[in-house]
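By letter and in written order, the chains are A, B, C and D; residue numbering begins at 1 in each of them.
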Amino acid sequence: MVGGFGSFAGLPVNLITALSKQGAKNLTVIANMGGVGFELSKRLKPGGYNDLGLLFENGQVKKFIGSVPALGGMPPDSPLEKSYNAGKVEIETLPQGTMAERIRCGAGGLGGFYTRVGVGTIVEKGKEKKVINDKEYILELPLFADFALIKAYKADTLGNLVYRKTARCFNPIMATAARITIAEVDELVPVGQLDPEVIVTPHVYVHRIVEVPR
Amino acid sequence: MVGGFGSFAGLPVNLITALSKQGAKNLTVIANMGGVGFELSKRLKPGGYNDLGLLFENGQVKKFIGSVPALGGMPPDSPLEKSYNAGKVEIETLPQGTMAERIRCGAGGLGGFYTRVGVGTIVEKGKEKKVINDKEYILELPLFADFALIKAYKADTLGNLVYRKTARCFNPIMATAARITIAEVDELVPVGQLDPEVIVTPHVYVHRIVEVPR
Amino acid sequence: MKVRLDEQTIALRAAREFTDGSVVNLGYGMPGLCANYIPEGRTVFFQSENGMLGYGNLSTDVEKDYEMINASDQPVTPLPGMCFFDSGISFDMIRGGHIDIVVLGAYQVSEKGDLANWGRPGRPATGMGGGMDLAAGAKKVIVTMLHTTREGTPRVVKNCTYPLTARQCVGLIITDLAVIEVTGEGLVLKELAPGWTFPEVQNLTEARLIPAADLKEIEL
Amino acid sequence: MKVRLDEQTIALRAAREFTDGSVVNLGYGMPGLCANYIPEGRTVFFQSENGMLGYGNLSTDVEKDYEMINASDQPVTPLPGMCFFDSGISFDMIRGGHIDIVVLGAYQVSEKGDLANWGRPGRPATGMGGGMDLAAGAKKVIVTMLHTTREGTPRVVKNCTYPLTARQCVGLIITDLAVIEVTGEGLVLKELAPGWTFPEVQNLTEARLIPAADLKEIEL
C-alpha cells in the first residue's frame, strides 16, 4: 500500500523513489491513484515530483488496485496508463470509499462488509450480493498489505504519528493495514513531544520511520 | 445511544438527568454499560454521580443493548439488574468491539459486517454465519439511533467537538450514528478556536449543544 | 440570439441550488468552479473526499500549500471552523448521508436519473474515484455537463451506454442549454438557456423531455 | 508448608510473561494488578479498551482524574508517548492483532483452552464486555484465576459449563496453585506453588494435567 490521495499531498515521494532504486519487482500496489509521472506532475505542482509513475516506468508492478488508476482529465500519458495499454500491468478498479473501507476492514480483523456502493454497476461483477432490509448490498472483502509506505508530518521516536492538512487522507488507514508500516516524516521528535490527544496513528502500527526534513 | 464507556468518564450525566426529568418512556437504550445507580457509583467516584440507573429506576426503558448490562464484580443491586430480574426490561448483550463496529457500520451507511468475535459462543445464536478463507464469521448488522446523548470536552458554536482523555471512548462513534446528536460539553468556544487538525467530531454530526461548565 | 452557457455560468447556476447551511461536495472538473459562486448571504460547507470539511475558495496565493488541496488536486484556502480527517472517516460521512448536495460531471444521464461519469471509450484505465460513493450517499445529486458531445451526440439519453456510476441517483441536470429535473414522471425541462426553445433542446436530447408548466429562461 | 499464592503474587507471576516492548491489555479485576509488577528493565505498553495506549500505574494521587481511567474504571497515570483514541479504533487494534498479551480473569478454562469468563449462575444480566474481542484478537491469552471455587470445585475443567468467551484461545493459566500451559497435547503443568505436589494439584483439577519434564516450583 502506498499512502496519499491523488497528487502530491500525503504521497511518500522519498519512499517511492527509494523503492524504485531498491528495484523489487512483481509488486502489487494498492493506492488511491496510479500517479501521473514526473512530466504530468508539473501540472499539479510547480516543479513536479516523483509519484507511483516511477514504479510503472521501471516495470516493477504487476498489479495495481485503486480507485483512480488514471485521471480522465489528463492526457493518456501516465506511466500506468501506458503500461496498462501495453498489457504490462493488471488493474483492479474500485470505488474510493469502498477501498477505504476494505482497508479498515483488513486493519480491524474483520471478514468483509456489505455496501450499496456499486450496486447495478460493473463493481458488482463476480461479487456476492445480499438483500438486507429490502435493499441490495455487495459483499466487499478486506485489503491488507505486506508493506505500507506512508507520509506523516511528525513522528515521535516510538512511532506515534500526526499528519498535516489534507496530506492525512489515506495515510492513517493504510498505516493500520500492513504487516510492516514505513513512515516518511518531515520531523522526528522525542517521545512526549506529541500531545496524547492529537496523535492520529498510535505507535503499535508503525515499524520504520524515515525522517526527510523539507 | 448514550455515550461513555463504563463509569463516569465520558458519560453525559447532565443529559441523562435531564432525560429522567423529561420522562420519555419505552426507550431503547444503547450504551456500553447499564450503569450502577447513584449508590454504587460512589464506589467508582467519590460522591457518586447519576448514570443510566436513573432511567431504569424511573421505568423509562423497555430494552437495553450493551456489552456490560451489569458488572459481575459489583453486587447485583444496579437498577438495570434489578429491573431485569423483575422482568421489566429486555437486554441484548453483545461483545464490546462488535458493538463499536455495529455503530460505525450504521454511521457509515453499510449493511453489515463479518466478524470472528463470538464464534462458538451464544453470540452467534440466530445470526447468519459464513466461511471466508476457511474461517468462520458471524454477520453483524448496523446500529443507528434516533438520538445520541454524548459528552465532549469542548465544542465550537458550529458543533465541532474535541474530547478529554478516556472520556473520548464511545462518544465520537455514537455521535456519528444518530438522527439527532446532543452533546454535553464543558466549554463552548467561538468558531475558529479549535485547531482543524485536532477536531475529532466534525460539526455535521452534532445537532444540539448543551454547555455545562464544571 | 441563442446563448450556450459557458462553464463558469453553468457553475454559477448550479451553486444557486446550495441552500443555507448545506454540506456540499464538488466533483472533479467543472463542479469545482461552484466554490466561487456561493449565493450571497448563504453559508455552505464544502466537503472533500480526501478528508476535509469547511474549506474556502481556490487558492490564489503565489505560494500555494500543496498539502491543502481539494479532491481535484487544487490548493484551497482555510476557513474558521474547518477540520481535517482521514479518507475513511470522509466516506463514512458520504455514505452515511451527511452530504446534502454533490455536484458531479457526467458523460451521460438517463431519463431515470442513471449516471455515467467515469469511463469512456479509449480510456480503459480511468477509474470511478469517489463518484460511486457520492452518487449513492449524497441526499441530492446535481449533474453539470455540456448538453451534447463535441460531435453533437446527446448526453441526456434513454439509457446510458457508458459504464454506470449509480442507478437512479441524479436529481437535477444543469447543462449549457437547460436545467432539467429528474422526476417520477420523467425528465422535466425547467429552464432554457437564453434564446433556446423547447423543441430545439428536445432535438438535442435523446430522452423525452416534459416542459414544466412554468418553463422559463435561466435567470443569471 | 503449602502456600496458595495471593492475588498480588499471581499478578506478579503473570507480569513476568510480559516481554520487552510488548503491548498488553489487562482485564477486569485481578489482571489489573499486573500493572504494578512489570519486570525491571522492560518496557510494556498497556492498552485499554476504552481507548488508550501507553498508560502508567494505578493513580495514587489524592485528587484523581476520573476522566483518565482504565477499562476497569480505575484512575491511572499518564506516561510520555501515550495516546487516546475512541473505542472503535481501540477494537480495530484488538481484533487486528496488535495486542501481544491479554491477561483475563476466568470462571473456567477447559483442557482445550476454551475460556468462560463473563457469565455465571444467578447473574443473568452481566455481559461479556470486551473479553470476547480480546480473546479472539490477542496474540496470547493468559488467564489468572483461583484454581478452584470457594467450595473447592475445579475451574480447570474438561469442558466449560459456564457460557463461553471464546474457544481454544487460552495459552497460559496462572492460578494460586499452578502455572499451566495449554498445548496441542493437552494441559502441561509447568510450575507448582510452594509445597504442592503434582497429585495434589491434579486432584483439584478436573482436566488431566501432564507434568512438564522440568516441572518446578514457581519462582517469585
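Note that in this section a residue touches a chain if its C-beta (ideal position, glycine included) is under 8 Å from a C-beta of that chain, and two chains touch if they have at least 3 such contacts.
Please read all numbers here as calculations on a predicted model, not as lab measurements.
With contact taken as defined at the outset, chain A and chain D are each touched by B. When every chain is reduced to the mean of its CA atoms, the largest separation from chain A belongs to D.
Of the two chain pairs examined here, B-C and B-D, it is B-D that is joined by more C-beta pairs in contact.
Here the CA centre of chain B is 38 Å from the CA centre of chain C.
Centre-to-centre separation of chain B and chain D, using mean CA positions: 27 Å. Rounded to whole angstrom, the centroid-to-centroid distance between chain A and chain B, based on C-alpha atoms, equals 33 Å. Centroids built from CA atoms put chain D at 56 Å from chain C.
Residue positions 101, 104, 108-110, 115-116, 163-165, 196-197 of chain B each touch two or more of the other chains.
Within chain D, the positions touching two or more other chains are listed as 84-85, 91, 95, 137.
Per the contact rule defined earlier, chains pair up in contact as A-B, A-C, A-D, B-C, B-D.
Those residues of chain C whose C-beta lies close enough to touch chain B in the complex are 23, 45, 47, 53-54, 78, 80-85, 91-93, 95-98, 137. Residues 104, 107-110, 156, 158, 160, 176, 191-192, 194, 196-197, 199, 202-205 of chain B touch chain C in their complex. Taken together, the chain B residues at the contact with chain A in this complex read 101, 105, 108-116, 130, 132-133, 135, 137, 141, 162-165, 195-198. Residues of chain C that touch chain A in their complex: 28-29, 48-52, 65-71, 73, 84-88, 90-91, 94-95, 118, 120, 122-133, 136-137, 163-167. Against chain C, the residues of chain A that register as touching in their complex are 5-10, 32, 34, 44-45, 66-73, 76, 78, 80-81, 84-85, 91, 93-98, 100-101, 103-104, 115-123, 163-173, 200.
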